[in-house]
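You will see two complexes here that share chain A, one where it goes with chain B and one where it goes with chain C.
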Partner chain A sequence: MRGRPNLYTSYESESQLMPTLTKKVALGLFLLVLVLMPFDLPVIDQIPFIRFLGDNVWLRLVNRTLTFAIAALGLNILMGLAGQISIGHTFFGGVGAYTAVLVGGKSSANLWGWGLPMWIWLPAAGVVAALVGVAVAPAAVRVRGLYLGIVTLGLVFIGLHLSRVFPEIAGPGGLGRKWPRLELRLWKEESPLVNFSRDGHWFWFDINKNQKTYLLLLAIVILMAWAAANLARSRTGRALQAIRDRDIAAEIMGVPEYRYKTTAFAISSFYAGIGGALFASFSGQIPPEQWSLIGAVNFVAALLIGGMGRVSGVLMGSFFVITSHRFVEEIVDWMKHQAEEGGLFSGIFDFFISTGQGDGGFVSVSETALGYPLPVSALDDIIFGLLIIFFLLFEPLGLYGIWVKVRNYWKGWPFSY
Partner chain B sequence: MNVLPVVLATNALDTFVHTFIKALALGSLYSLLALGFVLIYKATQTVNFAQGALALAGTWLLSIIFMDWEVPGRWIGGPGWFHWFIALILAAAATGVVGLVIERLTIRPMIGEPIFSMAVITLGLEVVIRVVAFDAVNTTPRVLGIPWGTETFKIGGAMIAWSYIAAIAMAAVAFLGTWRFFKTRTGVAMRATAFDQEAALAQGINVGRIFAIAWAAGAVLAAISGIFASMPPWGPAGMASRDGAFFAFRALPAVILGGLDSAIGALAGGLIIGFAEVFAGQYLASYTGVLGTGYQQVVPYIVMLIGLLVRPYGMFGTEEVRRV
Partner chain C sequence: MATTLNAAPSSAAAYQVSTLPTQMLGHAVTMPDQVVMREKDFGVWREFTAAEVWDLVLDAAHGLLALGIEVGDRVSIQSENRPEWMILDFATVAVRCITVGFYPTNPAAEVEYLLTDCGSVVHLAEDQEQVDRVLGIDQAAISNVRKVLYCEPRGVRGYDDERLMGWDEFLAMGRDHRAAETGAVEALMSEARWDDGMTLVYTSGTTGPPKGAMLTHRNVAYSMSLFRHPAIRKGFMPSSEDEILCYLPLCHVAERIFSTFHVAEMGLTVNFAESIDTVQANLREVQPTLFFAVPRIWEKLHAGVMIKANDSSPFKKAWLAVGMRLAAIVGREKVANGGLHTTKSRILTAIGRPLVFRALLERIGLRRCIWAGTGAAPIAPEILEFFTGIGVPVYELYGMTENSAIATVNVPGRMKLGTVGEPFGGLELPDSHFRIDDETGEIQVKHPGVFAGYWNKPEQTVETLTEDGWLKTGDVGEWVDGTHVRIVDRIKHIIITSGGKNISPSEIENSLKTSPYVKEAMVIGDRRKFLTALVGIELDTVGDWALRQGIPYTTYRDLGEKSEVLELIQGVVNETNKKFASVETIKKFRMIPKELDHEDGELTATQKIKRNSMEDMFSELIEEMY
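Right after this comes the complex of A and B.
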């Protein structure tokens, strides 16, 4: 119905992903900006925030955000749609990563690896993680609420132990092993078809490895996000939401609880496996200890900060969680410069920053500092923890909730409703 | 926390006696930690993931109070162990105050919100307290000045550390205290609150005060168990070190196995987990090649998973009544 955006005449029109032309155009433009972001193009590099995210240093961080976002999308299906608490999402990420390295990695005297190309190891990572999810589901479906949270937390510790039992797959503890690179081969031929981890030349312009990786990961994220958004409005998605809202009522209405919870675990683990494999491959080499509790907390934090149950919220939350540390470092760095240069406000910054021995500030600028004043790395952990608390206390819907408030304000502006 | 070495005694009986007391002591430690979780869960329906961080904070406070400030030794005479116990009480009380502050600032405003949001708030708290405590503890572990140190005595041929006896005694005191507490007026009020917050409120129970008491008690128990877990042979020679923050996560299986809202469950779960871990570590040691080094640390989780498959709410946990 033209001109009546809130009038729906069918379920299809109500559950459309892109109900209005404005939304389609806005999303199209946004995607265009995202694709062109890392390149030095006349208009794109004038957009304030985009300009420095396209920077090479930041692009690596953005790439990490993208791999993180894939796994977070999976957790969103489990927690946001199906309402099952999981604090063990890194376990499935780890399963995916180690499947990838087993299928795609190079073998040596004390390491296993079959050296298969990426179009095999990437789907394999997802599928094996999904199978492990299905295997775990019978235990997980029986328990609910915080009990389930702690059971999944147990998975993290069991997974960490398994990495010690199989050093042939995981590599030596504390060091890890090399993951297969992001490169597309048909089979095991010498030179890859498309190499995402080397600088190169595409069509008529030069492109470096970060930009290539970014484009690959962006494509995968868009695909996965689109699938996740569509899942929410499919039969499965509706069943999962029914289970989340009132599981007994859902069962009485004929929604098989056990089957759908298992499905939710499988899909969410699939996402986690893909995300984990891409993250490991993109990082190059990571120790088994990377798949720890802290990572799992980060996933939960991303969902809560971004807004649970919404694809856009999850993406915002992932960006926030991964980049916030870096932003804090940048801000502290900037404050240090302000304090040293001695402008009008240098006294204020000097109050926060401790530049040397006996200075009163509570943030130390030297990287290796321990104890008080706090080193920057400790400061951004603290800020991160405080932000989780802050969001839960004051904005339970997260960044998505803030966005909805802003949007609704301007929708009726200048009227208040 | 260290992985305990395998007992090497001359004959099988001595080995068994030693292993048994070792298991009993570790189980007591787990029970102590589990009791802290249970008290907080009973009152506020929250699993407090910050328990480990609070334990580390308590250990650090004891080290500061007893070793650095020499409180109360600088004012009163008497034997050293007496001073240590007073310092222990002071450190536990200080941690209790931290618990009170946390409850007031972050938990009280969350009443009525989903339980998971509350649990994640405590995860955020865990990060904050742990990082602050890490930087306080620093890389050099701090001495706690435990009176009995690494001393041992003999039962038959088995060498028993005094720490074992201390941990068992402490757990006994804590559980007897909790049992008595639940019979007092406040204790009954707490049980009523656990049963139904709104109904308790309607009966004139000050639910906010119950919350505060539970958090203070939980923090005190966290501090005490953290301090006892840093004693040799568990901790690195009686010092506050950064490992303390992660010890509490190993007690979570005990809480879940016993049931999140049952004090008796905490005792039973803690003991079962402790026995399973120590006995697996002792008698499966020859299979380390297959099971992987440090396999005994995973045993609690395996036991928990099996236990949950049989009883989804733990051994003594109340089954949640669900309505359509």
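Right after this comes the complex of A and C.
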């Protein structure tokens, strides 16, 4: 109620996503900044991060983050809301991607493809993945915890095997095939209505393909994040959370466990399918091996680092997982420059960086180096692993948990609780 | 529903006598969408508009008629505060019957006494617990009770007793009756007379069995006219915009006036707290604008702040300490100025409010509070000073059931700590006469709010009134600065030591109870050589203290018997002894080995100590000290 924020006169007001005007305005401004990010605009470009994220090279990484985030949102529904461990999330991403290529891809002598437009292949990717999720669910809902983890792990290998059985869909192993582009067509006509994968001219502005793709993906992410946030406060969402907190208690309270777990698998797989299809299409061509265990672990890492159960946490986690490698590379690069130029801190950075034979330091600038000194790619794997350990030990609620702590500090003012 | 309203005289003014139901009808007509009640139901506050409430009142009133109730019959209610309580109250008064409230904690034996004493015809028992109390009584003993209504069907459904009837069933019956005999209730309402009894309020009975004091429409109207008088409000008038939290027992005159009479008078919003234990949480949600509490609640709010402050992180603790210092200075300034701001306190508040006070008040739930009161028991001045300091001036007032709570009041600008304020007459308010008897020091009042008498107890009524119609309150008071009144004690409690000295035990007990560690204290010494005391600790605060000191304990009794705790309480006793003359000092004390309870007969329903039964119960402890 106005002026009495804790006085709820209906369940609607209690479970509002944006209860206050401040929150609405803040979210509105944030979205506006996100939309304007890729363009060279005076004020927006002064904001930290936004300054360089809008640049073309980084923008591709941001686009990858967005496709990743869609699938991660799905895993969050399964793991964060329903509490069902899954390390087979890439399998459903793969199902989505291959549905997309089968429905939307071009056929040739040894490849299948129906060449249908995006408005068919994208939903189809989600729906087929969801159906596969439902099909898998009976096996999965019977087991809990670690055992469920193993069952889902099995899916990844089944997926890899299937890709070899059907090269007509997946393309030759190690190579893959071309995915349909992000183009909006009514049917199979020659020139698309909107082409997201070519540079072009919109209204009065020049716009390149990355910027176009970014806007398309951003719109889809916003839509799906909004749906996920709303799902969490719906009847289904409450049922899933009841199952997560104690499945037996939930069932005794009248929550049909089997049905809701199946629902969770279906919705989660739908998200994965959409994310997988968009990722593949945006990448252009990817080999079947892409849908591997490492990818699935990355999804779990995104949830752990970002904060399980929260949409904003998932988005933060996705951003972190996809871009952290790049940040580490940038930092190492910057340190190298500093060390070479010789300045105030060159001694310190020189201690870390090894520029070649005989130079001390434990990070090699050479991309191809193996062993010690560490190549940059190994360094960021190590940092990544350490971070997961750090979050599990000290901040189980992830980045979102840190935000909650900061918020509660001020909410409790002038007390501590 | 609109047709029903039109069938009735269209405004409250059409009725000769303004009673609670005519006032509620007035709100239903003039502001039908005004929210007058809120009840927390499954986690959200369900709202009742004035029109909805009136509709329910009419249903209930017709329900009573359908049960064959007659003018002057008694309807009793034993329930926690909830909309049904008030609705049945209004309905009862509408059909010219008399509402009798029981405490939800009244044990079965007392319920039997009360039901037979008032001769209740219809009884509302909230839930299974209360229904069991009534059904446990021999039916022949309470043959006057025709129907027992219940609000919560859980556990009662399977009961087989033709007296039982669910609240919904009762309302449905009322609706049928209403359709058949439209206007019957309104006709009865218009027949109401000023001197009709409208409620029996049972006194707590520290000495004898409870007595039912009868209040009339005239008493209530007079009482409300004074509480609405501009002279005691200074600058603001309560209106329909205001919010109230209803949590003290509605059968007590204080909450009855504060909630039921206020909502009838101005149509404000009454928020029913979930229970007395959730008051602090509910306060935070509701943020009432008017708040009345007994000292125990103020002490709890104060102790809550202190405990939480202790648990804060170092930075917050330091920050709070600064705020508390500011509050102390502001409190002293304002108290010295009769409760109003001085330039100094204004400046300090301007600093303290954004720093600490506003957040603190928000956490307590009093951020929007513009008037706060305390009464029904003595309160420590330190606590009033604290709340005044952070921006909620708490006005102490004094009254009792028998005078419709009209005796003395502290008003903004003339507040005096340690007193219960000035007689209403001294504030140039009409018809209110007040005196302190020269001989006995007893406070006596005479005004239209003085009750009609005790139900079925003519001798005791005569005893309470002087020949010329003054009400003998039984409280000893004294003048402070010629204008304000300080309450010394109940006449009956005054101790005369074997040395012949008159001592007021309450003053000493209250001084002991200002310590957050002491919950109960009873001073003993009548016809004895020296004073002793029984002390009961406050489990929350002493438990917290013990935890910090690393003292392990198991039960209340175990904690009370720890030598460290005895030392702690000895310290409190020593503090108190310093304030009093040597004959008034406590030479020895013993810990009460259990938490006192209404059910066990040590306390009255209002948590006052029953001295006689305490002396019997703990006679061994007492004799040990002499």
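In the analysis below, the second predicted complex is superposed on the first by the 409 of 417 C-alpha atoms of A that agree within 3 Å, B and C clash if a C-alpha of one lies under 4 Å from a C-alpha of the other, contacts with A are read in each partner's own complex, and residues count from 1 in each chain.
The definition used in the following text is that a contact is a pair of C-beta atoms (placed from the backbone, for glycine too) under 8 Å apart; a residue touches a chain by one contact, two chains touch by 3 or more.
Keep in mind that what you see is a predicted model, and the values were worked out from it rather than measured.
In the superposition on chain A, A:R164 contacts chain B only, with no contact to chain C. By the touch criterion defined above, A:L393 reaches chain B but does not reach chain C. By the touch criterion stated above, A:A228 is placed in contact with neither chain B nor chain C.
Measured by the number of chain A residues touched, the leading partner among chain B and chain C is B. Once the two complexes are laid over each other on the shared chain, residue contacts for A:A378 go to chain B alone; chain C is not touched. Look at A:L293: by the touch rule set out above, it reaches chain B but stays clear of chain C. In the superposition on chain A, A:V321 makes contact with neither chain B nor chain C. In the superposition on the C-alpha atoms of chain A, no part of chain A is touched by chain B in one complex and by chain C in the other. Looking at the complex, you find that chain A touches chain B at residues 85, 87, 139, 142-147, 149-151, 153-154, 157-158, 161-162, 164-165, 246-249, 252, 293, 297, 300-301, 304, 370-372, 374-375, 378, 381-382, 384-389, 392-393, 396.
The part of chain C that touches chain A in the complex is made up of residues 38, 43-47, 284-287, 308-309, 311-313, 316, 319-320, 323, 356, 359-360, 363, 368. Contact residues on chain B toward chain A in their complex (touch as defined above): 47, 106, 109-110, 113, 115-117, 119-121, 123-128, 131-132, 134-136, 138-139, 249, 252-253, 255-256, 260, 291-295, 297-298, 301-302, 304-305, 308-309, 312-314, 320, 322-324. Listing the residues of chain A that touch chain C in their complex gives 3-4, 6-11, 13-14, 413-417.
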